[in-house]
Amino acid sequence: MNNELSSIIECLVFTADSALSTDRICELLNEFERSEIKAALAELVEIHHVRGGGFDLVEVAGGWQFRTRPIFQSYITRQIKTKTSRFSQSALETLAIIAYRQPITRAEVEHLRGVDCGGVLKSLLEKHLVRILGKKDIPGRPLIYGTSKEFLEIFGLKDLKSLPTLKEIQALDAVPLYERQEELQLEPEKVVPVETDLPFE
Amino acid sequence: MSIEAHGYRDENLPLLDGFHEQYSVHLDKFDGPMDLLLHLIKKNELDICDISIAVITRQYLEYIKLMKDLNLEVAGDFLVMAATLLQIKSRQLLPVDEQEEPEVDEADPRNELIRRLLEYQQYKDAGMLIGARALLGREVFSRTVPEPELVAPQNTEGPLEVTLFELVDAFRALLQRIPAESFHDVAPGDSLSIADCINEILSLLQEKDTIQFDELVSDEFTRERVIVTFLALLELCRLKLIKIFQGNGHGSIWFVPAVIAELPAD
Amino acid sequence: MNNELSSIIECLVFTADSALSTDRICELLNEFERSEIKAALAELVEIHHVRGGGFDLVEVAGGWQFRTRPIFQSYITRQIKTKTSRFSQSALETLAIIAYRQPITRAEVEHLRGVDCGGVLKSLLEKHLVRILGKKDIPGRPLIYGTSKEFLEIFGLKDLKSLPTLKEIQALDAVPLYERQEELQLEPEKVVPVETDLPFE
């Protein structure tokens, strides 16, 4: 890489303690044009992708971050503990509803799920995956919820638009649900027994 | 996952208690009545858009009965759905009133339920898709060691980063720590509290200089609201935060901030 | 890089929380020979040196670590200077008390927290999150505090009325089922409006 700007950006992303947004990079490197910075970022993504090392430069939650490639998971967990626990089905369902329908009230989530969601919501709030957006201007002024930046970070999503569209989901329906579940059970690494951090049930 | 596999097998279980947890684990696999309904529809190979209410209702009630037999608490949500199913079933059984014009014949009573099921299934599937992603801290990892220079004492010029929930939670934690009697108005219930009203007025006064009493109660013109607003104003007046004026005899009541903006002397 | 071992080692060094010694790497990857690991490490050093990016793999006291290259030091410093600062627990607590109990005096805040709050209060004033509303009409005429407009902005609140009440947050706690049913009867707005015509049970 003979482009100094790319190296500088690489440095900044590498030392940042969370994903670094393009805006923030532009702010820090105000002697460069935004277009130059964007080109350098694209170049960096390419460089790391091509060299195919242990980590990649990825765009998540509106920012840039170096992340290890998923195939090396089993080696990494030999030395560090996994911090994120698997999410229960009710947590994922609730997250999905909030993600697609935000801003949304607790009553609306509960209507969709047909079940009380207080415990799940609180736990998602504590995990910072969901945040309070304010209060809805209707009688009773209920709180309204939305997903957080951490939600995008943890699930590796660039932004809310990169959520699978509900249309894609319908296409997936061609495969009966139970078959998909059996499929999941066949993969031993995917069945993780404990859910220590998220006691949703 | 299924009732058949784990439920009926041990009907004569001598020490039900010991297996209680095991049961509840399997039964809880259904994240609510919608989830259970979807399961029953799949199991019976029914089309969501043309479900047999009779079959589904029977199996649904059997499931609830099973939960009760196992001494499991049946969540109210499951009972609400049971009522809905029975209601739909009974409406289907009602003879069609021949007197009525065929034009206005009622929509299929199942429609609302079908719509909810389809919608629920979408989000359930979306949840599965999201959950199948490589998660940070689980399948993928970012760098954890901070650059030595970055460990330097944080300065305070940067923007603040904090969530509303953290703020509320901090207050809640505090309340748990201190004896309840330190607070006189912790749980005002659903009714309006004077403190809330004071906050509201203070917040309005940040936006404009004069406020009319009527403006404060116009949204919600109830006896309680008027009284609480009035008490809040008296309190604010006592604290010398506002000045109150009234136009002629029975005219509007106006008030303006009476803030002495002084800096702390330290 | 077509060497998978190199990628695995890269992953381990990248995610380790301190420099990783060669011994430790050999221990973690005991299916590989020490000589292979040493060769892979040398290869990695070479790769990163040649590409000349923002960071290098270096051997520091006790082990291997990715380190940003010293020439970029000045850019990293820019990042530290404008890093977002997080709230300390005491600042958060004090701010919460002021938000929920305003107008309030310093003595009242200290009574609730049980500790001196002068420093925290000053810093909240400096950050413009808290402002002085006036003086209380009691002996000593202490200053009374309230939250500012910036406070509302930071938390994305329309007005103070939009602050979630404690009751709303507490309502998120999972309540045992039998209690929840009782609560339903007590709180008419919370009852799901539909589907009540058929008495079940």
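Residue numbering begins at 1 within each chain, and the chains themselves are lettered A, B and C in the order written.
The rule is short, and it goes like this: a contact is a pair of C-beta atoms (placed from the backbone, for glycine too) under 8 Å apart; a residue touches a chain by one contact, two chains touch by 3 or more.
Since we're looking at a predicted model, the values are computed, not measured.
Trainee: Which chain's C-alpha centroid is most distant from that of subunit C?
Mentor: Most remote chain from subunit C, centroid-wise, comes out as B.
Trainee: For this structure, I'd like the pair of chains sharing the most C-beta contacts.
Mentor: B-C
Trainee: With chain centres taken as the means of their Cα atoms, state the distance from subunit A to subunit C in Å.
Mentor: So the centre of subunit A lies 16 Å away from the centre of subunit C.
Trainee: Taking each chain's centre as the mean of its CA atoms, how far is subunit A from subunit B in angstrom?
Mentor: Roughly 23 Å separates the two chain centres.
Trainee: Would you pick out the residues of subunit C that each touch at least 2 other chains?
Mentor: In subunit C, the residues touching two or more other chains are 11, 14-17, 66, 68, 76, 79, 82-83, 156-157, 161, 164, 169, 180, 192.
Trainee: Provide the list of subunit B residues touching at least two other chains, using ranges where the numbers run on.
Mentor: Residues 75-76, 80, 141-144, 147, 149-150, 163-165, 168-169 of subunit B each touch two or more of the other chains.
Trainee: Could you pull out which subunit B residues touch subunit C in their complex?
Mentor: 73-76, 79-80, 82-84, 86-87, 90, 141-145, 147, 149-150, 152, 154-175, 178, 182, 186-190, 195-196, 198-200, 202-204, 206, 238-241, 258-264, 266
Trainee: Given the complex with subunit B, which residues does subunit C contribute to the contact?
Mentor: Listed in rising order, the residues are 11, 14-18, 65-68, 73, 76-77, 79-87, 89, 92-93, 95-97, 99-103, 111-114, 118, 122-123, 125, 127, 129, 132-137, 143-144, 146, 149, 152, 154-157, 159-161, 163-167, 169-170, 176-178, 180-181, 184, 187, 192, 195-201.
Trainee: So in the complex, the part of subunit B that touches subunit A is made up of which residues?
Mentor: 1, 28-29, 31-35, 38, 42, 75-77, 80-81, 116, 119-131, 133-144, 146-147, 149-150, 163-165, 168-169
Trainee: Which residues, counting only subunit C, touch subunit A once they are in their complex?
Mentor: Those residues of subunit C that touch subunit A are 1-2, 6-12, 14-17, 20, 24, 28-29, 47, 51-55, 66, 68-69, 72, 75-76, 78-79, 82-83, 156-158, 161-162, 164, 168-169, 171-175, 180, 189-190, 192.
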